[in-house]
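Just below sit the structures, each encoded as structure tokens.
Two complexes are shown next, each including chain A; its partner changes from chain B in the first to chain C in the second.
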Partner chain A sequence: MSDQTHARTEHDLAPGEEEQHSVGERIVGYVVGLGLALLLTATSFFIAGTDLVWQPSIPVALIVLAIAQMGVHLVFFLHITTGPDNTNNVLALAFGLLVVFLVVGGTVWIMAHLNQNMPPMDQFIRMHS
Partner chain B sequence: MLGKLDWSVIPFGQPIPLIAGAVVLVGILAVLIWVIVKGHLPYLWHEWITSVDHKRIGVMYILLASVMLLRGGSDAIMMRIQQAIAYQSQGYLPPEHYNQIFSAHGTIMIFFVAMPFVIGLMNLVVPLQLGVRDVAFPTLNSVGFWLTATGALLVNLSLVIGEFARTGWLAFPPLSELSYSPGVGVDYYAWSLQISGVGTLVAGINLVTTVLKLRTKGMNYLRMPMFCWTTLASNLLIVAAFPILTATLAMLLLDRYLGFHFFTNEAGGNVMMFMNLIWAWGHPEVYILVLPAFGIFSEVVSTFSGKALFGYRSMVLATMAICIISFMVWLHHFFTMGAGPDVNAIFGIASMIIAVPTGVKIYNWLFTMYGGRIRFATPMLWAVGFMVTFIIGGLTGVLVAVPPADFMLHNSMFLVAHFHNVIIGGVLFGAFAGFEYWFPKAFGFRLDERWGKLAFWFTFSGFYVTFLPLYVAGMLGMTRRMQHYDVAEWRPWMIVAAIGMAVLSIGVICQIMQLVVSIRNREALRDRTGDPWDGRSLEWATSSPPPVFNFAFHPDVRGEDAYWDIKIHAQQQSLEHTAPEYHDIEMPRNSPTGFVCAFFATIMGFALIWHIWWMVILGGIGAFATFVVFAWRDHDEYVIPADEVARIDRINLEERRSLVSMAGAI
Partner chain C sequence: MSMTATVGRAHADPHHIGLVVEHPGPASKRIVTAYGFWVFLLSDIVMFSCFFAAYAVLVSQTADGPKGSEIFEQRNVAIETVCLLLSSFTCGMASIAADVRNRFWFYLGMAVTCVLGLIFLLIEFREFADLVSRGYGPSRSAFLTAFFSLVGCHGLHVSAGVLWLLTMMAQVFAKGFRADVLRRMMCFALFWHALDIIWVGVFSVVYLLGSGV
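Then we have the complex of A and B:
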């Protein structure tokens, strides 16, 4: 129905719309992505159970690996690139990340300060006994 | 077999809901019989119920919102009367009924009046303003509408089958948990919002995609009419915020149905987590509603001042700033929960900051009017009434954004007055302005100005008489949601508010009269040009009502105020008389998918509320099967031949040429 879409799609792909690549190229991309994802997963399990690294660094390492994992998924499977054809997708991702950051971060912060205006519990019990 | 359902759930002992239910039922049956006897059913089915035309769906959204406005409005009248007479007495509404009424009033007004009204207007107008033929996903659009209607149906079903929630419009736990609300009221509330929430989400996705991906030639982002920008911002907020509501209600439902402990007092649940999550949705929701209204006022003010919108770019910036900041203020709904000064201060400051872009908008509208040739038609009256009213509401809002002040005013009538001040003065006035402004576009004839102005003045003054006393009552210490009270100082203010409600009701009656009178005089009020207000954006470039394909040719946009430019050029060149070459147009086929989906969703929702598990499975399978059948369709478009396009378009062109030549003769 919409011939106006065709005029715009040259530089603005919707999610799921692929640029023209040969099948071989695309398979290579997916295989590389799968390899990286598996590597990162295996590393995470290895790090979690090993005593080869400094123990307090493990949670940080896991977070770094998880973020790298997200990056791999975004680049190889969801095809987020920095090209001009991807502006909408990148902006949508940025907006989503911002909202998740605000809501999750805000929630953690709010819930941690939930009882700040309450007197300490032991004091409270002493007052009423 | 029938779960919790038996004859005892129908409130035979309570005359008010029973009589109301009976009247509505008789009304619906009468309309149905009239439709069937007159043979309108095929027309209704083929042209409206299964329609995937964005204009028709928009009209149906607005119709739903208008009917629900009457329902929510009668709740409001009942509450005002109750509080006017319940001084040192029980009034006429028993507590459990009164509690249901204020809960239903809030739920209906936000979810089934304000939301469908603005979504309907966006549906109707945005594709026209963008110069395109439909929204991005036409059938999904229909699904979204019908799921919203399902939610509204379930809420109203609770009037006669069972009960509605008595927990307020946001169903705060622990009151909404099973131990304190063992009845089906909260389940009615939660399931109808879950189902209509899906509808809202798909509408949001649809409109975001439409604005981002479907624009006519030359329609850059910075040439889009303001209403398209606010639609984009509002729907981005829908897509980001509504999943939070769905998740929160899902957790509440898990608590109620499967014995989870997300928000219970015992077993590690945390009640405050619900407040936190529901307001993380709830505050963006406020802007989901009011941003489109801002867009409507921008269009109206610019059209009726005969000037381009002042500070277009600052308006875009303000809109997008509100879109982001609206996600940073939600704690101001529960300053009193016990967080310390650092948390409260940050959210208090953020709440004051969000008033800045709103102030920018107010100044932009004022400067648009400044030096303009203002025509005070009905839409413009609503816009000016909005500016006055919204400033008062905004100022009281900044006041309660100050945590120490909020500690005094939290949960008081002052707060009730504040949010009615911004929602009625902002969203409802905006919806009415849009209704008056775009009605000729949707139906091809203008609305009666005399009744429209009467409706405005009664609603406007009635609003002040109703809600200013509530500010005072709040200052005198009256809390919200009181079924009765013993404080003598509050009484006079409650009586004044009830009188205001009567004035407000006259406004509503005038609005209905306006519709009746206009339909009767439609030949005299006929809009033959498609441009009754001397408009500036592309929706006025096509006929009223627009053909199903909206535009025979995609308009070529060369600047802001696209249609204004076209008109200027047309007058200079006295409309080139070359016969344009028409092409076939492909349009999406109508589909009953939305209606059938919603039918099964209604069955499923009803069964879930009453614990009728076999029916839940039946409804679920039905809805999924409908989706599968739609996904397997072979043909989803039909072709309008070029000759037909030419025939329809030439009629419109002739009207316009005669208009231009008349203007030239003068």
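Then we have the complex of A and C:
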């Protein structure tokens, strides 16, 4: 070990694995995650049934809360972090998310256009009978 | 020992540019196993995204059958959600206990996880049985087909998870905290947490968004 700049020599982290922490710190991490997740869940259920907010904002709020809760689960339960020892896990996750958004977004987009361009059903049946 | 060190150094700096990047060698089996399982989980999530997409397309095709808001019961969904969330937490506690090789807390955490998972499955099964008995089975409308396949697929995953959980308890009982058993336990924890993430999508998109429509 002389003057060379060398990269980190430790191993990468497996998904779900944490850096070296004591048991107490790890438990605190799970408790914090559980608290945040319960808070977000309670907010979701409250928002869905309330009259207090502008109604058209509810679906957007529910989706934002769901994404936030998934993030909480990823960070506190699956221990996916932005650390250099986690790059592989994050890249795999990013690719998975890309496919998910392509599938869901693409399907909804295409099917909405198809529905718009279809003639009404009764007319369609008359055309084919 | 010095031999390997020289070889290692030559590999670390193949172009003799004076920058030594030390590679610690191939990753340990624990990392390879968990990473492979992580890739499987991501492909499982991609599969679920297809069910979500089908549900989103078919949600309004009720064929004069019931709409989501007429058949969903928020209270049951809330109980199911809390069950899965708490079970994710106890599963985390069990995996910490496995890492420090504490049998008592491991069994306790896994047993609580199992009970919570079974409560979840029971509520879901009763919901399905109730819908079918009212004539709202999966063949009633495209919306109900998509609903039953999406939620049922998650339920099947939870059932498989409960079986896996019992297997892990039996393996720890029979073989102790061996390295291979601990690797399986790590994969199980990943699986269980991933199921909870998918459930977040299910209760938000299906039950909460659906009850407003």
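Everything that follows uses one rule, which is that the second predicted complex is superposed on the first by the 101 of 129 C-alpha atoms of A that agree within 3 Å, B and C clash if a C-alpha of one lies under 4 Å from a C-alpha of the other, contacts with A are read in each partner's own complex, and residues count from 1 in each chain.
Here, contacts are C-beta pairs under 8 Å (C-beta built on N, C-alpha and C of every residue); 3 or more make two chains touch, one makes a residue touch a chain.
This structure is a prediction, so every number in the text was calculated from the model and none was measured.
Asks: Applying the touch criterion given at the start, work out whether A:V53 contacts chain B, chain C, both or neither, answering first, second, both or neither.
Replies: After superposing on A, A:V53 lies clear of both chain B and chain C.
Asks: According to the stated criteria, A:V103 is in contact with first (chain B), second (chain C), both, or neither; which is it?
Replies: Touch partners of A:V103: chain B and chain C.
Asks: Counting only touches as set out at the top, which of chain B and chain C does A:F77 meet: first, second, both, neither?
Replies: After superposing on A, A:F77 lies in contact with chain C but is clear of chain B.
Asks: Between chain B (first) and chain C (second), which, if any, makes contact with A:V28: first, second, both or neither?
Replies: neither
Asks: I'd like to know which partner A:N117 touches here: chain B for first, chain C for second, both or neither.
Replies: first
Asks: Does chain A have more residues touched by chain B or by chain C?
Replies: C
Asks: Considering only touches as defined above, state whether A:F45 meets chain B (first), chain C (second), both or neither.
Replies: second
Asks: One more residue to check, A:Q69. First (chain B), second (chain C), both or neither?
Replies: A:Q69 contacts chain C only, not chain B.
Asks: Applying the document's definition of touch, where does A:N88 land relative to chain B and chain C: first, second, both, or neither?
Replies: After superposition on chain A, A:N88 lies in contact with both partners, chain B and chain C.
Asks: Quick check on the output: what are the common chain A residues between the chain B footprint and the chain C footprint?
Replies: 4-5, 7, 12, 14, 88, 95-96, 99, 103, 107, 111
Asks: Which stretch or stretches of chain B touch chain A in the complex?
Replies: Interface residues on the chain B side: 131-134, 209, 212-217, 236, 240, 244, 270, 272-273, 276-277, 280, 324, 327-328, 330-331, 337-340, 342-343, 554, 585-588, 637.
Asks: Residues of chain A touching chain B in their complex?
Replies: Chain A reaches chain B through residues 1-5, 7-8, 12, 14, 88, 95-96, 98-99, 102-103, 106-107, 109-111, 113-118.
Asks: Spell out the part of chain C that touches chain A in their complex, as residue ranges.
Replies: Per the touch definition, chain C meets chain A at residues 18-22, 24, 27-28, 30-31, 33-35, 37-39, 42-43, 45-46, 49-50, 52-54, 56-57, 74, 78, 81-82, 85-86, 88-89, 92-93, 95-96, 100, 186, 189-190, 193-194, 196-197, 200-201, 203-205, 208-209, 211-212.
Asks: Quick check: in the complex, which residue numbers of chain A touch chain C?
Replies: 4-7, 9-17, 23, 26-27, 30-31, 33-34, 37-38, 41, 44-45, 48-49, 58-59, 62-63, 65-66, 69-70, 73-74, 77-78, 88-89, 92-93, 95-96, 99-100, 103-104, 107-108, 111
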